[in-house]
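This report concerns only the one structure given below.
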Amino acid sequence: MDANHTPQSDILLELTGVKKYFPITGGVLRRTIGAVKAVDDISFTLRKGETLGLVGESGCGKSTTGRVIMKILDPTAGTIRFDGRDITKLSGRALREMRQDFQMVFQDPYSSLNPRMSVGALVAEPLIVNKKGTREQIRDEVERLLQVVGLSPEARLRFPHEFSGGQRQRIAIARALALKPKLIVADEAVSALDVSIQAQILNLLADLRKEFGLSYVFISHNLAVVKHVSDRVGVMYLGRMVELADKAKLYSQPLHPYTQALLSAAPEPKRNVTRDRIVLAGDVPSPANPPSGCAFHTRCPKVMDVCKSQRPELTAYGDGQLVACHLYA
Amino acid sequence: MSTPLLEVRNLKTHFISRTSRVRAVDGVDFSVERGKVLGIVGESGSGKSMTSLSIMRLVPGPQGQIVDGEILLDGKNLLKLTEREMTNIRGNQIGMIFQEPMTALNPVLKVGEQIGEVLTRHRGMNKAEAKKHAVELLKNVGFPRAEQIVNEYPHQLSGGMRQRAMIAMAMACQPTLLIADEPTTALDVTIQAQVLDLMRELKNRTGTAIILITHDLGVIAEMADDMVVMYGGQVVESGSADSVFEEPLHPYTRALLESIPVIDEERERLTAIPGTVPSAANFPEGCRFADRCSLVESSCREKMPELRELRKGHSVRCTLAV
Amino acid sequence: MLSYILRRVLGLIPTLFVITVIVFAFAHMMPGNAFQAMLFNPHIKNGGALYKKLLAENGLNQNIVVQYFDWIRNLLQGNLGNSYTYQEPVSQLIATYLPNTLELAITAEVIILAFSIPLGLLQATRANKPFDVSTSFIAVFFYSIPGFVFALFLIFIFSFTLNWLPSSGTVTPAVPWSGSIGDRMSHLLLPALSLALPSMAYYSRLTRGNTLQLITADFIRTAKAKGLRNGRVLFRHVLRNAIIPLMTQFGFDIGGLFGGAVILEQIFTWPGMGELSINATLNRDYPLILGVTLLFAITVLIGNLLADILLAISDPRIRYN
Amino acid sequence: MYSLTSGAVIETQKPSAANKVKPVKSKSPTRLSLERFFRNPLAVSGLVIFCIILFLTIAAPLFTHFSPSTPDIMNTDSPPTALHPLGTDGSGYDNLARVLYGGRTDLTIAFVAAFAQIVLGVIYGGISGFFGGWVDNILMRFVDIMLNFPFISLVLVLEAIFNTSSMWMLVLVVSITSWPGTARFMRGVFLQLREQDYVVGARTIGCSTWRIIFRHMLPNSTSILVVLTSFTVAGYVGINAALSYLGLGVPPSTPSWGGMLNSYSDYLSLKTEPYAWMPPALMILFTILSVNFISDGLRDAFDPQSKA
Amino acid sequence: ATKPVAKHAAKHAAIPNGGTLVQTFPTAFGANLIPFMDASLYTATADSYSFDPLLQFNQNGQLTPDIVQKYWFSPNKKTIYFQINPKARWSNGIYITSKDVELGVDWLASNSYNNTYQGQYGYLVQNIVGAAKPLPDGTTPSGFKIISPREFSMSMNTPDAAVLSSQWATIDPLPYYVLGKIPMSQWKNSAFNKMPSVGSGPFVNVSIIPGQSITQKANPYYLFGKPHIAYNIWKVISPNVVDGDLASGQVTMAGIQAKDVNKIKQVPNLSLSIQPSNGFSYLGWRLNNSVYGKEFSNVKFRQAVEYAINRSALVQAIDKGYGKPENGPLPPINFWYNKALNNTYGYSPAMANKLLTAAGFKIGKNGWRTTPGGRPFNPTITISSGDSVIATEATFLKQFLDAIHVNVKILPPINFNTIISQLGSDTNGKQPIQGFFLGWSLSTDPDPRGLWRSTDNLNATTIDWTNTKDPAVALNDKLIHLQHSAAAFSIPYRQKILNQWQTLLNQQLPENFLTMDDTITAYNKNLHGVVFSPYGALYPNRWYLN
């Protein structure tokens, strides 16, 4: 696998066979009668300084993956290693210590900032709870952070409701940066923003990455955005990773039929580019009741008999492009 | 060419309260040709939705008021009609679909009833006929199980299905104009492709003209014949989609096109537009884009530029463009 | 749905169990018992011996745990025991008094829903206009008056001053039309109104708020975009949705109405469960206390269940879950 | 054609026009809510009325030199006189003094009971909603049980068990029977807050459970709490009156509006002695009305979207 | 007191027949209506309209004929012979016979009756030979003899001067032809119990709505003539609306509180009757209380309290003057009341202070008296809840006691049941009650047995004076015995003994007697012919409406 190409010390994050099932209860006694397989056996690695993009349709488990990495959710199975340390079972103080190294930026800048705290308090909070310095030091640090994300230090005294979406997202980023994390999980961090603002934030994220050597797990459903920010891109479908490759390869030569369809369906702001559009029929099946075999077989234009019964594994094809499809077996 | 199907002239829709006046739509002009797709793009708050609601005369009152302008449908000024006459036009001559398929359908009524309602209202059908017809309509928008779907409730359908049901409803009376306010924004790309396909197909089949509102330039590029770019409640650029994409005249349109990542090309760094959209309650004097414009000159801040036809059928609201 | 109802009913059993245990414990913690007064009646021969005999007969000399499980055993056989003070089977007492309380509570509910929903709708469609402001003020006013004060005023006006309606009881005794529908209605009107009024004010406020929120909802805009006329939009699209939150509230309230009737029952001499429960407690009539509590809890549950069912009927999203 | 230059490495935000005019220290959401509240004429008049009532009650000795608890045996059931402007009652208590001092009882019951109910409800519901899962399951079961308790019977039972009837007794009973509703409500609020991104976010930066509850969840439920409290207070002003009717209120020697109203609540008194019952009735009415207006105002102020 | 109304007027104009009389109960009545079956006061009241006793009391508290028209004693005074009025019939026309009386006696003596919760009237027959203990159902005590269908006799073991007026006169004959067929153990479940459809009184039941009303119609065969009024309805009506119902005419007659008298006087269509009542209120002290029992036991303390309380003022304030101070165990209205007790213990704080100081209760630095032992003396007074008048009266009592430097504290009102239970628990060493404020109501005959003797079971609770070693207790018991002995058949003798007994209690003050409150009745002006008395409104058959 591609982890083999990289020395172990270069690997920041490693997910092995991670699953996250949400129980469905029902019946007279509220027994668990099923599970939403939000994330179903996902493995990947993230190198230091690398950005991994995750794309996929709504409900395919992108956010859940992000939350499992963040340890907001405990995985049902599998292990997560961060910086060489198994953090799957970590909890309490040890976890809190560890948490400083990975931070999250949420999609909705309106709900991710506590409306009753001033911007200063919001940005200072990670420093305060982790006891990073004296009051004055923290104050200075907050002002510095605000400047780093492109806000004036006076913003400290204001409240989130006085800022536009893009500005709020900057505040959220400042807050995430406060603890000098190694990894930032950005879950649809620009989806709620206007295109003009989106560019500001994307540029900011890129600059921060350069400046602080950050790694990102960048979650988005926008293929173009993911392509722009990522080094490698993983495509998810119904809780599974169907393709994972360097972005150049993935976008120029998508292997999985789903990736192909996804790419062909994405509208481009260009006139007269004639593409062979693959319009998939039907809707994404429910993750509570995923199809047998390859989860994509119900919509796949190249479906074969084997797809209906056998689940394809993510395997390397060509030079390190990982794909889970029987076509390439 | 004959007269356009719809002509909007100097439309002004304001939200007026004791303390403020929000100029949501502030002098908008455009026209829609029969059987063509007009795309309207613009950032959030630029007045796209209010423009479309003004055409339907559904601006949320009592604060929201159409204070000026003309909306001519087939030469008939909609703003002069009585409320009752207007209800005969809504759903009949003009259909409308909205962004959120989750909330745009009434959760407590069956899909079939909601579609049938249009027919009983405008086509004088009885309930049974309307329901039968609803099944047909649903088949037309690609529902295989249409007979069952009519008896289901919106929450039993997926997002894409709901949006298709909305389209079926809006198209029930074969309107001459369909207003689609961000019909695919809430949908996944693969589903968006389905819906756009469907709209295109319906347009070709019925000759219905479409106003397609979106902030996704990609969708416009794919669907629109003509396009309008809105900023701060005004049209800043309008023309055929070909010419606008080929040669964007307004700095805003240009910036917009350059600020988005594109799959087909590698952009090292995006060209961000600094600042934020000005508040509609508090527009600056002069050009509304001036604060964010990289080419701004002092004259820009003094006088509001006119919308000028710079190329044939291609107008722009910028004094600097040549 | 059925499994849901079943689950709710089954879920009630432990609840009822705990309630009865607590009530039983509380009842026995009260000083004195039903028969103690007998000891102090100068006229009773061998009061002491008789007292002991009565205690034994009613099992009161036993361990309290044994007493409780005796009660449970009898309950499982459908026997609620005999009231000490009324000297009648508890089930029979309940059968006599419960219908009256139900009649009152249900009529009040009907009045509440029948008046407050249209009122709320009207207010919302005229939001902040004089009609809305004045009726809203009146609503808050009525909501502010304690129910019993209101009852006294109603009696004062309609019964004593105008002499239109009777002030007490459920029927007029000793007249040919005694017990006729009209007779019963005339007795029911004042108490039901007193019971309904504070809630009516509340419900109309609730409807008004719901409606105002709904009027701006996307699907209402859709309905308007279809060219539907205002009346249809209001009654078909708004109303159906506006009553959904009311149904939930209704479920919470039904138990409250039942309990809230106690005072009004006293004022209007309405022979209902309120009087029964007060007397039961005052007289340490354990079987009656337990019977009434059990019934009260069951009523609350049925109220909630009913509300859930109504909710499911009015909201398909719940029906299909 | 023009060329657009790319911005600086990190574009510094230009302050928008709206921000420019504002003073440096800006208004917190709470402050803004309060400003909205004070712009609402109905709410402000409610507040003024309530303050007047509160003042009359607290400063009662300024307005009467009679004690509300020393009866005058030689002067019972007196009609209004210069000495007793509102007359005296059957025990020879001065009605004016009773009205003025009576508010202390009713308002104390209302406030303390409401406060206790809210505190209990918030703690209980908060724990239930915050932790969720089986904790929530068990706690809510108990709430179900408590919700099923007939209130009046419980008053009777507790008065018998504790062998007293007093203001504090009433407060106790009211609080312990009424918190479950609040708890259920607050549980809902906390369950909702728990899923808010900013609460999840607080966890990711390493906030402790307590910090999350007290710094993030509680402040964001204060608006709900304030409104809930004020509505609860309004609900309890009349409760002593109602319970007095059943003989379960505070003892008659303790002055209270409810008790006064109750002792005049028969036909003849209503008809012939309005001077005696109108004042307490109006006090109850105005208190509840004003508190209701305040609550309405608070709700509108904290949640401008809701027009209910 | 008001004079009986319209006696003379009735002679001139023809008395109209018909109409409906509505009377009230403040709370629900019991559901068992066979006489003596239900402990509910209201049921008994309704029963008294449909069942007449052997003999009745007139407005002066004296026995007069009823179903029994004549009675006489055997020479040894151990047997009384009774003769049934030949006109006495059940409401369906069947004549009342000795068999019906026997059934009444058997019922009161039966196991079925005595072993139930309501069996409290069993004492009415306990002095009949053979009925000292409850008998198997249907057994007639040997002391009861049927002589003829209209004559019977009852015997006792020792002559008892009070037995007729305090016990036997009140026995109700029961309709043998209905109830005789039903085993007594089943009476409770019989239809007759739910609504006795025949009776011997002026009105018989026609319909009963549980918890609401009892409707009775005139008994055409009533012994003293068919009543003028056609229907009598007993309605349960909340006290808060009774006055309104009276004013609006929906209720014809109802008891009211003294404070309402002046208001009622303003209602044009209402008349008032004010009658003394056969009962009184008192302030009791637990003489065996562990904290202050010793102090309470000091007769000087109790006498001081009696002086300290201005009972006339209490009557003025609480009863608006409609009442009297109470000086002994019998109210002034009672036929046997000892008039010499009038004006004893006039209001005198000076006397009270003197007595207390003499007894060693010194005034301490804080202005309050201490016990003779020098401990603080802060007794509590327990009152019952539910009636605001009680609480008011208690505050007045406190004021009076404050004035003699006795620092009493009025406890918050508690439920009557709880008081009773706490009075009982005194003997167990747990003594929550020190002083308490309650009342007695008396039956027509003053016979103090059952309550005042040291052998009576109530002495353990309320009158614990009889449990003390006080030598006066022996005298008390002796006097009580004498007042019903054979000699007491002589009214002057019985009067003398009762006078001595009253004087003894007036001196000893086992409890502090307070006041006797008048019974006040308001009734519609169109109601005539009512004979009001301390024993109730008498002779409903003579009443009429116009």
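Lettered A, B, C, D and E in written order, each chain numbered from 1.
Criterion: contacts are C-beta pairs under 8 Å (C-beta built on N, C-alpha and C of every residue); 3 or more make two chains touch, one makes a residue touch a chain.
This is a predicted model, so every value here is computed, not measured.
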| item | value |
| --- | --- |
| Other chains in touch with both chain A and chain C | B, D |
| Chain E reached from chain A - shortest hop count over touching chains | 2 |
| Inter-chain centre distance, chain B versus chain E - centres from mean C-alpha coordinates, in Å | 91 |
| Chain centre separation (chain A, chain B; CA means) in Å | 32 |
| Centre-of-Cα separation between chain E and chain D, whole angstrom | 49 |
| Residues of chain C whose C-beta touches two or more other chains | 30-32, 152, 155-156, 160, 266-267, 282 |
| Of all residues in chain B, the ones touching two or more other chains | 255, 269, 271-272, 274, 276 |
| Interface hub residues of chain E, defined as touching at least two other chains | 240-241, 244-245, 247, 415, 417-418 |
| Chain E-touching residues of chain C, taken from the complex the two chains share | 30-32, 35-45, 47-48, 50, 53-54, 84-88, 96-97, 152, 155-156, 159-160, 163, 166-171, 173-174, 178, 266-269, 271, 275, 279, 282-284 |
| Complex contact set, residues of chain E against chain C | 20, 27-28, 30-32, 38, 114-123, 126, 133-134, 188, 206-207, 209-213, 215, 231, 233, 235-238, 240-241, 244-245, 247-248, 250, 415, 417-418, 420-425, 450-451, 456-458, 461-462 |
| Touching residues (chain side chain C, partner chain D) in the complex | 14-15, 18-19, 22, 26-27, 29-32, 127, 140-141, 143-149, 152-153, 155-156, 160, 205-206, 208-210, 212-213, 252, 255, 259, 262-263, 266-267, 274, 277-278, 280-282, 289, 292-293, 296-297, 300-301 |
| Sites on chain D touched by chain A in the complex | 7, 9-13, 15-16, 19, 22, 24-30, 32, 196-198, 200-208, 211, 215-216, 219-220, 222 |
| Contacting residues of chain D [partner chain C, same complex] | 141-142, 144-145, 147-154, 156-158, 160-161, 163, 181, 234, 238, 241-242, 245-246, 261, 265, 267, 270-271, 281, 284-285, 288-289, 292-293, 296, 306-308 |
